[in-house]
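Several structures are given next for inspection.
Common to both upcoming complexes is chain A, partnered first by chain B, then by chain C.
And now, the complex of A and B:
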């Protein structure tokens, strides 16, 4: 179903050459809050690339820093956070951008979709207001913005857009509301769409519809999408490439089709073994021992060392560099023990 | 996940629940008072300032003077009607003024956070601790009698009431994800605060304002009673009670008791209304609709 694509080696996660035409280029991003001795690291050496029109998955457990990475793309750093490395969204250097540049970036170049649509729309404003507000802020005349809103609602499959714009968020179901949010996110024709677990708050059938819509809209508008999720299967189904995050670091980057057949990092394999499958023989689900770590409390060397069945003494020495293995780039010293 | 949004809660509460009888009565009384004040020149049987020593201290029920007359023979009913104007407008002024001040300060404190919040909050505490009547008396002593000075003084001393409520609700609402989502859409802090946060603070504020209105009415009546508010011969309920002091000592309490009763009923009505507005919001909050 999914064409196997070769990995672009020149944009290696070790901070290689940066393609300026990318929708999103995060390079060697490290993030910490606090200063000096009491600084708490949140992200370390994160490199993520999303090409124009490409769908890229960012997968990991809660607290692995995947949402944080997505938010950094919009310059939404936690209070008092210091970032090093570089983040570019279609040629705009986000980390050094001023307030006005950031505002323009958010209005025109990049949009974000949140987990719970009901929580991300002001409940006392009408749907029409929600959709036109962003357009009006860009200087689109009221009448044109209203027409665009109707058009967008029609595109995302809302029946009777004319009456929908006059209704309030609570009059819509979660799935319908997420469609409205998607319409709003695409209203400004962004080059980058950040989807932060956009279907987690929806039920399964609605999820499938929303994902299909999202993919379709993305193709129509040619938008690059960073899809943040903890659902590996979902990510594999819709993404071209997948980054796996653990404890604030990217541990594996892979073409999504290859991730299932040949996981290169022990953590990726453990994740796959921990998720149930309806196909094939009955296999006992293996839970990963221990609990997910934040970057600040992870052990020296490889962060996954204390939970890894393959860990040896060498894993404690230093953080493993990313190196190619199969079709993946992996931050592990023993990928051949995972996939021979 | 369930969401609890004050505005929607208030709206659905009003639709679903039948309004209790006491609230209807309170609303009816307030409307009556407001209409009476508005149409006083048409409705009042006498001029509020027309004295007639022959007709002084008539008891209520007298032909032509249904609520009796005061010690200078002025018709109590007419004076209550005319007095409604000042007695309702002045507290309204206090509520509006303190509302604007309180919203500004409260939002500023909530959105700025950090040391700005600390400074504003402690400042509000200080004003809060200062007796409002004392402040009003000081201001009147400086600027002379009349209504403007006490209105401003009371507005200042009521500002912390509003400011604190606005701040706490704004903190609570401001932490909701939708605030973030509008910021992500590229809207500035000021825009998000005024256009998206404020509407969600309003329901609580309206309930609070109704209560403040009652307090302001009593405070202004107290000032008038002390001779610091309305200047004679203008009528307002507080000064009517004040001028009836000697009559009360003479055993003719009506000209003082009746405006007092109107003050009492108005304040109770406003409080019932405020309680109802605030209550329906609180009820929905606890149900977590």
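And now, the complex of A and C:
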């Protein structure tokens, strides 16, 4: 297990080389709602790969399609959406899977952690019910499921699990509740964990605790994790590789460490310049001009060109293909102008 | 904790008692303020000597002051004596209790119909959405806008006179026969209540369906039926129960029209005939019972809330 993990870490960004052993393989995924002329595109040509035990970041502004991509891994498409491309979660072809296969996938192989634990746990049911629901659905007997719930709560650091299972969500703090959600997500021993901004709704010190717990649990169970966030620093701190999304497309894929020192896409650099840093000199934060685009309203050619300081006439011709630059794979015609 | 609970229940009960008290003052007072002399009404056009009028006034407590009259009336009412009917010359209490069986069954029957069909339509239309939801919305609008006297006549014409499936009048004898007789009146009453429940239920279910915890439950692989049962219906129970509580009062009032239309000898038809004959002890008695029913049912709903939604607190403490 450990050997496999280090292997995955060392791998350079690969643009989604097919590997059936991957925890998650999203390849050339496009998503649109509606049909024909009136179809609204949501995702275009998204390729994301998460190896076993690997932590992969998916970073971008609101509306860039990060959460949508993560939800697609569970087969949770928006109503009336049509998808092309392929999505596999450890051998299961998600897009062609029937209801039952999807249910089994969600019960056994992939779990999702939502942004706000207060919204993602049913407020009128007990914590114990929340934890045992997935186990019971898998066919675990009630007594065994209850014992497992106690064990899980203990693992995520909830004191007195015996009384915790009888309590209701509103009796817990946000951080404690997110621990419960993590316990629930791990209860089925999934191969893939989809963390959709799991710390955004928490305060900073709680964030650190939850992240540490998440990483620890992931290592113990050898789970692959897709970490969706808008926080580049956080992603860089915990992820092996990072995908940067803009307007429904992946614009850059890079090894975490390199993303900070050598961003290849102008959008990545703009994101880095827009986030305040606690280290080093005080530099003015540069906001990205314009506003984030959805795929449906983005310009022809490169989606970012209307906000890009480097854009030329050539950027309008067609959507730039991904090509290697440094340690990155980047969808830009002029990466050398971002980082030589 | 137990003491907190007892204190909280006591508080609610006291509130209910005060509501009934205030309502009883209004009920007693309003009939005193109504123009027209009940003594002359009970005389039925016959000429009475002043002495006879005085005797009647005294026997109905009309010669006393408001406060005295009220205290005497409420005191008797507490001893289950609601006075003597001007029209029937018998005790009001026995007049009403003799008819409560029919009316009570009618209310329960129609409430059951409204709750079952209202929740079912609400749930199906909320889950299916689209065309089903639109059809349900139209059906709900039509039923809500149909007064019960119209649906009563429609049901009579179709199922009683036309098809002959159900009797047109009478309450029947024996349990099965009674249910058979009460089916049309209960349906007529349930039609309006159904619309209200379906509307409120649809909104409640749709709101719960859109919640993130429902999506999260689906993401954990819970089956569709389990998600609906555990996370949608369960969470929509609180608003539904509140509406059901309010429903009982309107159904009680609704018996007036429907019992008259179907020739049922219940509290509702008694109310109608007593109002037209200015038989005010009976009207007062029925009004008092209506208030009592409303307050008791809604207090029970209130008391049930913390057990349905744990976020509702009991006297500042959560359960």
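To be clear about the criterion, the second predicted complex is superposed on the first by the 323 of 340 C-alpha atoms of A that agree within 3 Å, B and C clash if a C-alpha of one lies under 4 Å from a C-alpha of the other, contacts with A are read in each partner's own complex, and residues count from 1 in each chain.
One rule holds in what follows: a residue touches a chain if its C-beta (ideal position, glycine included) is under 8 Å from a C-beta of that chain, and two chains touch if they have at least 3 such contacts.
In this text, all values refer to a predicted model and were calculated from it rather than measured experimentally.
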Kindly say whether there is room for both chain B and chain C on chain A in the superposition, answering fit or clash. clash
Taking the superposition as given, does A:106 touch the first partner, chain B, the second, chain C, both, or neither? both
Just chain B (first), just chain C (second), both, or neither: which does A:125 touch? both
May I ask you to decide whether A:134 touches chain B, chain C, both, or neither, giving the answer as first, second, both or neither? both
Figure out whether A:74 sits in contact with chain B (first) or chain C (second), or with both, or with neither. both
Give one of first, second, both or neither to describe whether A:273 is in contact with chain B, with chain C, with both, or with none. neither
Have a look at where A:201 lands relative to chain B and chain C in the superposition and call it first, second, both or neither. first
Using the touch definition from the top, say if A:114 reaches chain B (first), chain C (second), both or neither. both
Of the residues on chain A, which ones does chain B touch that chain C also touches? 74, 76, 102-108, 111-112, 114, 116, 119-125, 133-134, 137, 168, 170, 184
Please name which positions on chain C make contact with chain A in the complex. 211-213, 215-223, 226, 230-231, 234-235, 308-311, 318
Flag every residue of chain A that touches chain B in the complex, lowest number first. 74, 76, 102-108, 111-112, 114, 116, 118-125, 133-134, 137, 168, 170, 184, 201
Residue positions on chain A within touch of chain C in the complex are 71, 74, 76, 102-108, 111-112, 114, 116, 119-125, 129, 133-134, 137-138, 168, 170-171, 184, 188
Contacts from chain B onto chain A in the complex sit at residues 1, 3, 5, 7-8, 176-178, 180-188, 191, 196, 199-200
